[in-house]
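Several structures are given next for inspection.
Look at the two complexes coming up: chain A is in both, with chain B in one and chain C in the other.
Right, the complex of A and B next:
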């Protein structure tokens, strides 16, 4: 391959700019390979977070030509001709160059009430294969936070961060809500305090997920429908009144945090 | 497990963000899909508005018993005027009967999870495409009026099922032709012996009803009600089977949404062209 131009964001919390680097490109390389060569040859102080280089650790999330992607899974020969622009994830505060502070996600993770099974019966818990398989898709998440980054609810509206879990944690809530052994009921919690209603299901989270998890169709919309069951559906409300079934309030659900 | 409130801290807002302050850095043709969506939905809205408000003639062709889906069931006075033999429920209604009917399919589509994505992106531009900045500074999503109404989608789904049944009955009736003796139909005198018959129009009505059924069954609310809402599939094997049946349909919900939308307009247009004498509804047997 001929030389390539890498247009990379250089800067920190005090400001920054896009800097062009002309560098050799080789066949079969991914963006992260070129970034590493840049570090080795022209920009030793270029900050970049990475780990496995195999699309499994979720560390090297960035925006390549404006689209949120993993640098290690984006082949150079699949990008259009011209400079390749690499910028940090837009939604999170910058630390340096391509490295951002993703602690917002860890704060949201702390708010997820943990798995809460009933006391184990004699012989231990048993789960049918069909129930095990249901949540398997959600456990593929590598926590790259590309879905959180692309979600316009917090990307373009910073104030929503205070009360919006984001697609990654909606997956977690959905997984727990669909777990046959879990006894908590988080429906009011996600509706009232985790900002489920802020999601307008435009599916960008699904589009950027490197694990191809159908976040919107299989997690967020099912959660929205469950919130309808718990809060908006008058027939479901009447059913609860007649049968005496109860739902947990947001406070009761949140009380089971780890 | 006790709550460890000490571990939960407030989210820090307002840190400096990296990257240039531009609307987007994308250089691909991200605007193409929203543009196509705007054109497609606008074309349907313009046509449906014309057909519903001003098109209250030529929506029924008596010899082959085919009726436009916009005007079925026969609810108002105009049906009789157009030659439909049905008995209007709202005989006092003097406006187009389509205005009563279309509220339900329109509500079903407006609150549909796919169409929500489509119009939030292409009309409301929130966001117009992934990693492209929202068009407006404020955003509350579906948390307050009027968009909180989207949560009643399942009730429009129920209503949509009723209309699917009615349109299926229409499709069947499209094969049962009336006996006519020198009867004036849209300016022409028609004589035919009634009975079972098939025309291109009968098939058009069948395809239309089928597509609407598939669109409804592929709906996310349908998937939830079939079995998505349960925690344990193994304890509800029948609902699990239903869920497994609708899940592959649900994966193609967008395709069915567009196909059924296009075809319902096409069916209306076809019936109009036949009823007005512009084209002939070819008899198959």
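Right, the complex of A and C next:
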């Protein structure tokens, strides 16, 4: 097959530039295959992350021709003719070449109050398929962090990282909130300390999600509605008081985590 | 002496797949100071890729299922080479381990009455695999990861351990490695070390394994004086993708067959009916009609032959292709399109649908897939005590794919994820008990540490030398053709000679650039374990002069009852790392007690 030109960002935290590589193309290849062949031949120290090569682990996120994507799920023959530009995710600090420092996401994961179910009955919990399906959608998340990468709240405002969980973690809060067994109330927490209010529903996150999770429609919007209910709905609040609250309050839940 | 970042823990766990995470949760729960170390980011280990499910005799679909049947299936699947005690503990404890995950937030697919749904796969008599569509591994690793994070376990991500360190008495007392993002070295002292480093598949050309599967744990254990067993027992999964070439080897879950998919040759024939071994004849369907009834009601017919254990299916596919009845790209056809509705396929097998659509341009609801065997899993591994997971070296424990014995000569689908949970927990307990009984503060030998560091930096000091990628490629091609699915004595002899040459070349690796996230250097530091493990597998294969489970010898095509009584034990009595001589000797299997033996007599 004809040669292809790969235009790859090479550099580190001090800076870098796009470098062109010519290499032959092979039938059926994805971008990650070509990167691997470059490593084996022309650029042994070219850094990138990968594990599964099948869209299951979320390691190989990058921007291909400016579009945030998984390198292992982007077929070369589906990209327009001409050089293929591969650059690292923009929102995270560069470590080297295509590898960025995604530790922000692991820090945010630590701040999620743990799942807290009632003790299991003999023979295990019973849950209906319809009830688990809502959570299952969010649990498809492969933690590629592409949604975090495109969300303008952190992309354009570095300082928001301190108090903004981002779409990946909004779906995590939504999943727990909708879990048939969870007893922690996280609604005020996500509103007050995780920056839910900063999201203005641009849906950029949903558009890039390789797992096709409807992040905005199925997680963020319902979460916003519920958070508002928790805050303003005196009847619901009173109801909880009278019936004996089943869920821990936001403060109690937050106190469980750093 | 140079100063390196150093840490001190009660227990360090090398590997953050299912086994490592489960071990960490257990040890931390015991109040110990625990570090979890992994080569990739947290949550990216092989475990995340597991598809079909986790095996546990919960009896949610067929209430007559119980641990004895699971135990029996596991032993028969492993052709009785298994450590019976591991197989027993595994069958007994896996239901609790799976249910426990629900208490930590996992959401499995449900039965109509709200319990965990279970699916069929090869070799299990009952529908036994708890699952979430075909992304069970993701559910499992994420659940454990979230639990571990909520317990404030210290995680060292993208940190590669190079070698275990021992004190003067030979107890394992720490480890030395480096951070991949910076290339800086880091050392640990620890009262106990748990190996949970996964498998070895990356030394073959066509494999379902990622770059991580280089057998570091197997090699480091042997370098430290531990025994390995039955390393010749490598599983070639019958169904990997075969086309496009660049995705060759990527796994197609056995769940496809469990959910009704069948294998056909170029004549459209369901050829598996021609390959039913005597051992399985009594329980396998004789006709397509009988087999097809079974999917809906296991009492209406016997099992379809597509669901024989993996070694049987992989060899059959190999024979069909050799006989000229393969698919255009050298595999066979896996057909679910003509047998199940598009809606059913998309719901039950969403990631397979996605994978074929995106990578091969094939719509599996309309067309058959092309599949062929791929190197998938190693049954052999570090010899451990079943109850505690202790290896033969004091202070060193092993669980998950790196440990040997549980699966004998062939593993059944779903039995790995359950193995991780059962023995991951037991490794945490075993290490904790050991730590509580251990006296003195662990010490490490700084000269040894310094020697490891200097050795690993040598590739930077060579002006010219071998490209590590070339060595890796040549190793993979050699192992694929000489130590692949069908083996023979002369090719194995040849492989040993080739391995000597590859070791020599590895001694001359040169790497350019800095230490910061340098994949060429990272690969150079993986080569010693890949070569050590490849030699172990080859030696095992040469010495086991029979065919059993995942190990097939063309020149010894039948199982030999005498070999069926022994493990092949590998060790390095005089050390030497990848250059060291490996000793191999048969040792009798553990003796199964009479009350378990009965389970096999009744059904003969």
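Just so we're on the same page, the second predicted complex is superposed on the first by the 230 of 258 C-alpha atoms of A that agree within 3 Å, B and C clash if a C-alpha of one lies under 4 Å from a C-alpha of the other, contacts with A are read in each partner's own complex, and residues count from 1 in each chain.
Methods note: a residue touches a chain if its C-beta (ideal position, glycine included) is under 8 Å from a C-beta of that chain, and two chains touch if they have at least 3 such contacts.
Bear in mind the structure is a predicted one, so any value in this text is a computation, not a measurement.
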When chain B and chain C are modelled together on chain A, clash or fit: fit
Which superposed partner A:160 touches (first chain B, second chain C, both, neither): first
First (chain B), second (chain C), both or neither touched by A:49: second
Angular separation of chain B and chain C about chain A, which is computed from CA centres of the superposed model and rounded to the nearest 10 °: 140
Partner chain(s) touched by A:110 [first = chain B, second = chain C, both, neither]: both
Touched partner set for A:217, first chain B, second chain C, both or neither: first
Touching partner for A:200 - first (chain B), second (chain C), both, neither: first
Chain B versus chain C, judged by how many residues of chain A each one touches: B
Touching partner for A:143 - first (chain B), second (chain C), both, neither: second
Lowest C-alpha to C-alpha distance for chain C against chain B (Å): 5
Residues of chain A contacting chain B in one complex and chain C in the other: 12, 97, 101, 110, 114, 127-128, 179, 182, 257
Complex contact set, residues of chain C against chain A: 40-46, 48-49, 58, 99, 102-105, 107-110, 113-116, 132-133, 135, 137-139, 142, 146-147, 149-150, 152, 155, 157, 181, 210-212, 243-247, 250-251, 351, 354-355, 358-360, 467-470, 473, 511-514, 516-521
Footprint of chain A on chain B - complex, ascending: 1, 3-4, 7-20, 24-28, 113, 116-117, 120-121, 126-127, 130-131, 133-134, 138-143, 147-148, 151-154, 220-221, 224, 228-229, 231-235, 240, 250-251
Parts of chain A lying in touch with chain B, wherever the complex brings them together: 9, 11-18, 63, 65-68, 80, 82, 85, 87-94, 97-98, 100-101, 103-104, 107-108, 110-111, 114, 116, 127-128, 130-131, 134, 150, 152-153, 155-162, 177-180, 182, 195, 197-204, 207-208, 214, 217, 221-222, 224-229, 231-233, 254-258
Of chain A, residues touching chain C in the complex: 12, 26-30, 33, 39-41, 44-59, 73, 75, 95-97, 99, 101-102, 106, 109-110, 112, 114-115, 117, 120, 123-129, 132, 135-136, 139-143, 176, 179, 181-182, 257
